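Each of the two complexes below includes chain A, the first together with chain B, the second together with chain C.
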Partner chain A sequence: MAEVATLKTPAETALADLFARSKSLLPGDARSREDAFHRFAEKGLPHRRVEEWKYTDLRALMREIAPLAEKPSEAGVARALSVESVFAAAEPATIAFVDGHLATADAMPAGVTAVPLAVALAQGHPLLSKLGAVSDAEGNAAYALNAAFMTDGVVLHVTGAVDRRVALRFVTAGAQPVATATRVLVVVEPGAAISLLETHESPHGVAHQPNSVVEFVVGDRAKVAHVRLNANGDKALALSTLTAHLGGEVAFGSRNVVAGSAVSRHQVWMTFAGADSRGAVRGATMLSGDQHADTTLVVNHKATGCESRELFKHAIDGRGTGVFQGRINVARGAQKTDGQMMSAAVLLSEEGTMNNKPELEIFADDVQCAHGATCGELDDDLLFYLMARGLPRPEAEALLIESFLGEAVEEGLDDEVVGEALMGVVEAWLAARG
Partner chain B sequence: MPAVQETIDRVKAIDVDQYKYGFETILEVDKAPKGLSEDIIRFISAKKGEPSWMLDWRLDAYKRWQTMKEPNWARGSYDVIDYNDIYYYAAPKLNAAPKSLDEVDPEILKAYEKLGIPLREQEVLAGVEPANRVAVDAVFDSVSVATTFKKELAEAGVIFCSISEAIREHPELVRKYLGTVVPVTDNFFATLNAAVFTDGTFVYVPKGVRCPMELSTYFRINEKNTGQFERTLIIADEGSYVSYLEGCTAPQRDENQLHAAVVELIALDDAEIKYSTVQNWYPGDANGKGGIYNFVTKRGDCRGKNSIITWTQVETGSAITWKYPSCILRGDGSRGEFYSIAVSNGMQQVDSGTKMIHLGKNTTSRIISKGISAGRSENTYRGLVSAHRKASGARNFTNCDSLLIGDQCGAHTVPYIESKNASAVFEHEATTSKISEDQLFYCMQRGLDEEEATALIVNGFVKDVIQKLPMEFAVEAQKLIAISLEGSVG
Partner chain C sequence: MLEIKNLVAEIEGKRILDGLSLTVHDGETAAIMGPNGSGKSTLSYIIAGKEDYEILDGEILLDGENILEMEASERAAAGVFLAFQYPLEIPGVATMTFLKAALNAQRRAREETELTTPEFMKAVQDAAAKLEIPRDMLKRALNVGFSGGEKKRMEILQMALLQPRMCILDETDSGLDIDALRIVSEGVNALKSDKRSFLVITHYQRLLNYIVPDTVHVMANGKIMRSGGKELAEELEANGYADYKAQEAA
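On to the complex of A and B.
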């Protein structure tokens, strides 16, 4: 095990031990897991001197390594899923995972088939060749750890226009911290369409360590609407990655709402590989206490005539720290690209922190790219306006924060039920703020 | 949309093969042996007749430098620099201390004449309004060869001399301020500079004095295989004002030469420093052969309340530029400004920007950066705006635009915006389409169509930057003024 020699910190050594113990028990080919772990081990846990992790020092934040979660008992599953899902009103066909293992699955609607990842890995399912379609993510520590440890998940094959929403529900339960590694592969065939909801939940007070990866491979003219909610407990350390490989004339949308976790990092790699596609990525993050949330986004324009829109909002209370790192890459030859990236943050307390890094990297001359970043407190004039009309200050503030976040939460969603469910999460956060 | 023809033509006019200052002056030169060692540092220090504290300072820096690693985070690639293959000291053979220009080698005077730099006071006076007079410190390779208008400046109480002279004549001021803005171990190149700096300019403007003329330093690298390591220290005491200009050129050569300067500005209560640069080092040929590596550290400290530091730069030269003129806004109510136009052609690599560090209350900063890349060049804006916990009421506005000409170049923007204070308001935007809708509406109300209105506002904006340049440099920068940023990509 040459790779272990390069690891230094106790946490890194613990990860290496954990991998050595678990690799033979995990489904599928051990070789590719070893390769993935090797990629992680070469550099170890990223720290603040690693540019991509400058604001989220994983080496400092991840000192304890939780053991891999075991498959839960039936009673455990029932307990974990007894709470109604946030998206219940949307009546989706749901596949639920408890502690990183497939627990229950509704029948899939027409146009989509689901194969459990553990099964797909064990059988060498042909669609698995599409894993890692966005190769830029490969060297990333969180992605590599997921590839080394992935236990279960699902392969969704979308072949037609699916008329019922599909939900993936990930619950990490139990009173002892555990680590989970789940992987979802969504292959959308040309012309197909799907609306996918994804939730991550865990109890307060337990430092669970979920690491999830969702990969989209989207064929020409296909449509994807993806909504993700991080509702993990207040001690969780949640790493997540989304990759999207888009063909031509695709309409792709993904939004992420962060309402939980002590530390979270959501990474997005969106690659335009075919011409004339549209991709929109949005995110809303609500922080209080000592929470830390990082959104890191890389948009790769590799084809002509594509349009990308990125909008991220942070509301930061208490001693919370928000991080947004976004980069639009326009490759040589990706002419007529239209990319726009906006990050806005509102600091609601004296002790909050916001770090913004909106980058552009452009190698084509006939393109339009813009980025904006703002940071400040709630507008005094607007507050005064509302208070002059009789609203008490807390309500006036709540109204302003709600409309501020709303732009990233529900606007452009084209799904009222889901939008309302997400705004419900925002309202609950505002109510807890008091 | 792509760049308009007019812009393309103007950028072409300053392409790398149009470099006008590539001539070489043949001189008898006094050189230290090649390479870097304690002995070389002792040699430089002795040549300068420095006191022992200065030598100790240099040796300490050298020791620390040996433990440091060359940075590699910037965008740019270059062959490994062999620090032992450089002459660290090269000076034209002068009379011990030239008392007047008559004692300076006529070849040097010719060189400056060719560069259009006035070293004779009477020439400066002829036909020019007194208000536009400029005092010049001319640095040739490792030494300052002449400083003009010293007497008149001295009458106003302004000290304007080479830094070597200041170390000898005004040690108390140098010791008090040197290295307080850019610490010895700030970064690899600044530490190297601290060990081996050979000359540079020193300015001290006393309390309440408005410097009676523009001050300027003109840096010229002439000798082969040399590095230029100059150090500039400008102190504006309470309530004073000074405007300082810096220009630089080098001969056309196949080899790369290193220029690693350190500039420190200190503005005390209510003082203002305006620092302008037209950087025109030899950029290398069209295939990227030769050219100057311009790795400099420039930083201003708004130490006093309500102090102001303004950096204005027009960057057209150098094979590689790493340069981030910054402001530490320490004093309450202080203000930092950064105006930059960077044009890259050929195989040039520009990585430039600024840092605005808001520490004091009600501090404000403004960043306006325009990058234009053509040929096969890479042009990067890299900047940091940060507000610390106590910087309540801090405000920043940043606007950076870039324009590409052709499809073989690259433009990049890497801004860092870090806020730890709720009442700090930061706005960053990058694109010309972000013109204020109010202004656009106003112009269109008066009959202009949208394009005309946009052009009017954008041009007004660029002029804003150029107006920050003192007159003398505005002339040199004129070609750039008219460059339209139509077709900016953000």
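On to the complex of A and C.
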């Protein structure tokens, strides 16, 4: 096949072999999978000379390709889900996936229906036409690989104001590394509202390779609150993509808390397609050891009067590396755009690294846009103040780190239970830090 | 009892304290007065355990134990309290959370039982009422958006709650209007006891009308130049620091 000729590295060859072996077994239209794999194969695994992957050299980081995970046994599902979810206190209606396959599903609350993605793909579900609503993601390597390999996931159709939280729980289990490709499509009809929680878990010590994509298509006047937690094990290589296509007068919020993975890359494309919408994207990342976490964000203002707020915080210990690449594009005609993007990192060790690359590209003349990036150590004067009141250094540091991350973790969430659960994750990380 | 013996300290090669000796007995209120730049605030930071300074000589004894090797938190648990000239704002840390964490950390360090939430709430509310600190201030992030006077009252609230044995007040009068000065001073005076000592650092005699010292020390050139009773403060108010600056220059 033509695409094989352009591949270079053993990992890329392994991916091509894996695709050739898998494609006939995967649900739905093989043609679109082949197109997606072709888009990936044209350029191969991105490396440091590809600008948007400059700080996360996937070619170097992804030398081994794990086999695509098989559907787990019932016992395997029970084992994988025996640990209580971080969001248990929020009592969500949960759809759980184990090794990338639908495992269990609670009844959905009124206002939302769920169709397993494997079923939707096999049946050619009409809502699948909404996939790829944010077309910018199409050529992206992680997104294209997901499109080629997507095994299962869910199509959520939100038609009313859903009064109970919905949770999507992705657990990759087992002691041998596997790859998963899950895809979630959330179509929110005009005026509807949903609070969606998403967790990704895997055991420590296993180099699982989850690749997840969540796509939101949000109708006019709809409300979406989305919270995502990466609690993968310490050897995982986790790729994730979030796209959001927003209509008019929408209130959309998404936050991503990274507390796991050896390597993670979370990509966000948020497009304002309708006027007078608000979108807030936040992220908090905690790194230690040799962990590497990348957040790459593109906000496209294509309509008038929209407000975007992006806030990302990194706490970096050990030899951890944080990456924030954020870009706000304001199209010609997107007047009265108000965009603000901020990235702040605190380095807790001598060997930590933070790479910040904020960008603005503005083609309209009546807009307010700003970006900022900071990187520093904990403030010695604040530490002294707390210690002078009796807090031992580790406690004083923990209090300052907690307050630093808190702004991105729980502020503006409007959901105390979920906020507390997330702060519990922060506290556990701080406790493990010692 | 606090004893400072021949303390010599530098920051970035610049000598700030140059053989300073000072004793504050149990139950004593001592005032340190001196011109700008004489090292008064540095002295307070060094006693409290700030690490920016290089201690070249001397010792600081609290009841006979040298505290110079202790971290700031250990000194706090041993009973040292510094009321900051410029209390810091800590966004994202709720005042109540901070107060409880500080109080219980000290109690743990002293192997005392931690206060329960109701006990803690009562202790805070009693102390706050005396200092005319409204409840909503306690709900806000520590010192964030507080006026200068509110920040100083919060410092005294912390002092009342933590019950230290050695209280250092670093220019607590700066930025206070007359009413706030009275409230803060009454808060301090209410804490006076046979066991508790105060070291009051100030430029002006005004504060000493409210918090009346037993002893007054004049600091210049990194050391104590003269010591006396409270009348010394009045003399300084009348004559200024010119004599001491002259000695410094000489």
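Throughout what follows, the second predicted complex is superposed on the first by the 434 of 434 C-alpha atoms of A that agree within 3 Å, B and C clash if a C-alpha of one lies under 4 Å from a C-alpha of the other, contacts with A are read in each partner's own complex, and residues count from 1 in each chain.
The definition used in the following text is that a contact is a pair of C-beta atoms (placed from the backbone, for glycine too) under 8 Å apart; a residue touches a chain by one contact, two chains touch by 3 or more.
Given the structure is predicted, the values throughout are model-derived calculations rather than measurements.
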item: Joint occupancy of chain A by chain B and chain C, clash or fit; value: fit
item: Partner chain(s) touched by A:Phe404 [first = chain B, second = chain C, both, neither]; value: second
item: Which superposed partner A:Asn356 touches (first chain B, second chain C, both, neither); value: first
item: First, second, both or neither for A:Glu74, with chain B first and chain C second; value: neither
item: Chain B versus chain C as contact partner of A:Ala364, first or second or both or neither; value: first
item: Contacts of A:Leu382 with chain B and chain C, given as first, second, both or neither; value: second
item: Partner touching more residues of chain A, whether chain B or chain C; value: B
item: Chain B versus chain C as contact partner of A:Ala345, first or second or both or neither; value: first
item: Following superposition on chain A: angle at chain A, chain B versus chain C, Cα, nearest 10°; value: 70
item: Which superposed partner A:Glu395 touches (first chain B, second chain C, both, neither); value: second
item: Overlay on shared chain A, then closest C-alpha pair between chain B and chain C (Å); value: 13
item: Of all residues in chain C, those that touch chain A in their complex; value: 48-52, 71-73, 75-77, 81-82, 84, 87-88, 90-93, 97-98, 101-103, 105-106, 109, 141, 158, 162
item: Residue numbers on chain A that touch chain C, as the complex places them; value: 380-382, 384-393, 395-396, 399-400, 402-404, 406-407
item: Chain A contact footprint on chain B (complex, rising order); value: 1-3, 73, 389, 402, 404-431, 433-434, 487, 489-490
item: Residues of chain A that touch chain B when the two form their complex; value: 51, 330, 332-333, 335, 339, 345, 347-377
